[in-house]
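Shared chain: chain A. Partners: chain B in the first complex, chain C in the second.
The block that comes next holds the complex of A and B.
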């Protein structure tokens, strides 16, 4: 049985979590701390709907950690030989992923499947990411009230966008009171809805039109910034003083990279006790000088200007070449979390309007 | 799905101290499994990650040639945690190798051409692989004249001394080892690589140049080659950048939109001219 559309009552969310929990982990935004009012939320494995917190526009950390954890064991070893290379996790159902994060998965999939690379290069698949991803269902939650730092519509996204989602959930009225409209985007989403059809009620024939109207209203609250030509201008401005002006204020803390849904840099290190140990990978950041420093001490990106330029060029120029897409989804986290209020939108405008660009 | 992060088990068979400073050693590694040995199919110019559990990994150019069957050679300078541990390792130690990684020198394009090699210092390792490969009986006829300039600061820094002697005695390769400044006991060529190359003036017509060395050598060698008439497409270089994964995901080795590990480490001068100098 296939199912394209259905209504999920708020009271049935818990039943859905229980049903999913039999075979998979159910992840959704929840308060970062234990209990209390959620100032910030993160994706957590939930055992009841009470823990879920959908009020925030977005989670502090993006959805990437569900597939590419901040720290994970690649393999364990003993006496110089691998004893275990774990790869299998429980399947994941991730609920409440905002469309900007869902869209980021299209890019991350390319990176970890080895598709963000020139033809003629060897394709390397990352088993850790891909196995988690393969066993996942992504249920996006449309945004009715994008915040001031959101700019998805300026980078090809939409507060009701379905890119990267298996199912799009959207409000039919008040959050936490009125039912959510679930619409399948992919076959995987359709199968999930069929599996849990008992919890869904039919949506009226006017549901798509109502959703369309909400989508248009949400998008209308967002100014559209014109980033056209930014790649060409950034490529031509590589040596421009504009990067000094942008980098001057930056502390180099790297928070922009940790909260970013598409930053995927990592380090690989070994941790040992005696002759036993684990090889782990942890998120790393291009904003740190050690990140690129050679063993000789030579550093190809020795200055903040070069590292800041790297981050912006990577999102807006390099991945256009390697993966065919801008790899910024406009989630606005780097804007919200920067301790010195750097704003990538202003940086892009500065690059675009840079009179010092080489011809 | 094959796990590209899992090293293939190998055993150190032999260790050779290469230089007077004793901080460069060549490690001969043999695969523990016949299946891995066969799977590790490479060409000169590629590199691999040497893996020591408990310490980490280092990306190192492959110094052996695929014509030297049965083992791999890596010449490693003692620099950090992994390479220091490696230098403290004796034959018989088990370790890991991941690879081969990156693109080799463009052998399809090198076929039928004269080959000019300009190399300085420690960067000679993958060129040892290339020269051994070209001089092998099965391959020598596929290439024209082979001219090599290999420069170091002083004689004690020359790698692969026995092999160099053999090459200098052959008539199918012009091999010039040079040192920066005169030194007692050295009767060979004296001079910096770009200057020696300029004096030798190898014909650019139908030739390709392979250039590996420290940045300062490359900086002064490129103009000499261009002046000799080499086009940017016919000057081939090998880059190094810090790496972790070696498979284009961890991010740190990029030069503009190119990853040294995946798109390189071999690039032509024509390519590098279009890329930022972040290497």
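The block that comes next holds the complex of A and C.
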């Protein structure tokens, strides 16, 4: 039996977490751990509803860490014998994923789960990503109060979007007080809701219309920026001085890359003691000056202009060609957390309106 | 209350008109939460965009090494170094002085516009005070800051309560030794956050270690702290060397702790306690307690605080006979 729609009362959230916890890990936004600033959250495994913290602002770090962790041991070795890292076998149920983050998973699947879209493109199935991604259930939580830094509707997203989600949860009234409306998007979502049907009550016939009205109201809070033609203009502006202008104050700190839901560059290092060691994968960032440093000492991207150009063109041009989509989902984290308040929306506008195009 | 932004704009325009500058580093209006952000301008016309308000907390000295770096020059055909202007608060200037002493730029190539500082707003305190609401605009006043919120509400906040901790205890709010000093009010001199360091130092070593571990456990090795710090400018940071690999690159706690220990120790005698590292950290790590502890140790051992004076040599590159020998004679003293 599968179930399309149901209401989850706030008091039943804890029971849901306990039920899920029997066979899976339940991840949701929660405080960052001891210390840290209040209201700044990350996705963590929870064992009770009281640990959950659903703030107006999205989590600091995106949901990508659930499938592509900052640090992952790939294998261990000793005296020539290689042992694969133990498999991650607990399925993940991730709750409270904003639609911008859920949509980012569609892109990450193209990178790591063998789903490129350009014909003839090499696909790659990353076993480390896939073991966590397979069997995962993504329960998106719709956004009713987009921030001033959010711009999902300008890049083909929506605060009530369902791309990448198995279930869309949305408020019926006040968050934390009134029930959540759960609507299945995929078969996986339907099966999940059926499995936990005992905790859900039927939604009224007017529920979809009410949700549509809330969705429209949420979207209306964000101006839609016109990014049309940005790819073509950027492609023609590779040598333009516009990239110098927009990148001048960049610190190369990498925060934008680390908080971004679609940035996926990584480094692989071996940590050894004698003949024993482990091979690990960690996040990397093309904004670091050393990112493209060759062993010869040559650096094809020695200047900030080249690195910022890479960042913007990768998201707004190259992935359109290789993956059929702009890989920015407008979550706004880079805007919120850049120490020098670089704003990708302003940078795109500068490129688009740049009078001095190709030289 | 004077509009310092106007003075800054006029002085900057004059400097460019007199051809005394190639580049000026200052602040302009930003885009997020009504804050200012750094800007590098290269002409009198661009001076119009310069701004100054209670959100100019970035330490602009971070751009100095980048502006003066260049490849080795052919002898006899050296391209002259640029002439760079900086709009400086006390903290920016102390970092610039430290960099000049480390030969990152000659003083004669710098034009320093000093701004007396009343203290800059802490974005996190602001967010907490308005319960995470969005700010459309901020107006700085003498005792209050008026915040117009995105949802239409107006809130009046006590200015002192919103300031950065570094600003509340600042001992050098008026930059000295600048080329042009803007006329304006400065906040009263503070005690440099002595009590914070004392209360940390009073903890048992094991407790201090636990505190340090607890904070660093959130580190994601993004290096924002390093990149935001004006006195971290090594072309190749020890943390990224792989031959030899001094530390691992991952979030493994021991690697993260050693990264921070070494980075902060490398700042000894150079750190001006501006908290740029802490502001940049996306995980809200309390780096301030640790950077200030090192700075306090340097004060105690060498009687030195990085200040405005270009003549005093940095303590860790000089030796005097009365330097403390306790690390040899009393190694177990904590």
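The rule we apply is simple: the second predicted complex is superposed on the first by the 341 of 359 C-alpha atoms of A that agree within 3 Å, B and C clash if a C-alpha of one lies under 4 Å from a C-alpha of the other, contacts with A are read in each partner's own complex, and residues count from 1 in each chain.
Note that a contact is a pair of C-beta atoms (placed from the backbone, for glycine too) under 8 Å apart; a residue touches a chain by one contact, two chains touch by 3 or more.
Worth saying up front: this structure is predicted, and the values here are computed from it rather than measured.
In the superposition on chain A, no contact is made by A:228 with either chain B or chain C. In the superposition on chain A, A:130 makes contact with chain B only, while chain C stays out of contact range.
Using the contact criterion defined above for the overlaid structures, shared-chain residue A:291 touches chain B, although it does not reach chain C.
Touch criterion met: A:277 reaches chain B, while chain C stays clear of it.
In the superposition on chain A, contact is made by A:343 with chain C only, not with chain B.
Looking at the shared chain after the overlay, A:321 reaches chain B, while chain C stays out of its contact range.
In the superposition on chain A, A:267 contacts both chain B and chain C.
Residues 267, 269 of chain A contact both chain B in one complex and chain C in the other.
Put simply, chain C touches chain A in their complex at residues 30-33, 35-40, 58, 62-63, 124, 127-128, 132, 134, 150, 214-215, 217-218, 220-224, 226-228, 235-236, 240, 242, 245, 248-252, 276, 279-280, 282-286. Interface residues of chain A, counted against chain B in their complex, comprise 74-75, 77, 80-82, 85, 87, 111-112, 114, 116-118, 121-122, 124-127, 130-131, 238, 264-270, 272, 275, 277, 279, 281, 284, 286, 291-296, 298, 300-301, 306, 310, 313-314, 317-319, 321-322. Chain B meets chain A in the complex at residues 1-7, 9, 52-58, 79-80, 83, 93-95, 103, 215, 240-242, 244-245, 247-252, 254-259, 262-263, 276-279.
Residue ranges on chain A touching chain C, taken from their complex, read 32-40, 55-57, 60-61, 70-71, 147-149, 248-249, 251-255, 257-259, 267, 269, 271, 280, 282-283, 285, 288-290, 335-337, 339-343, 345-346.
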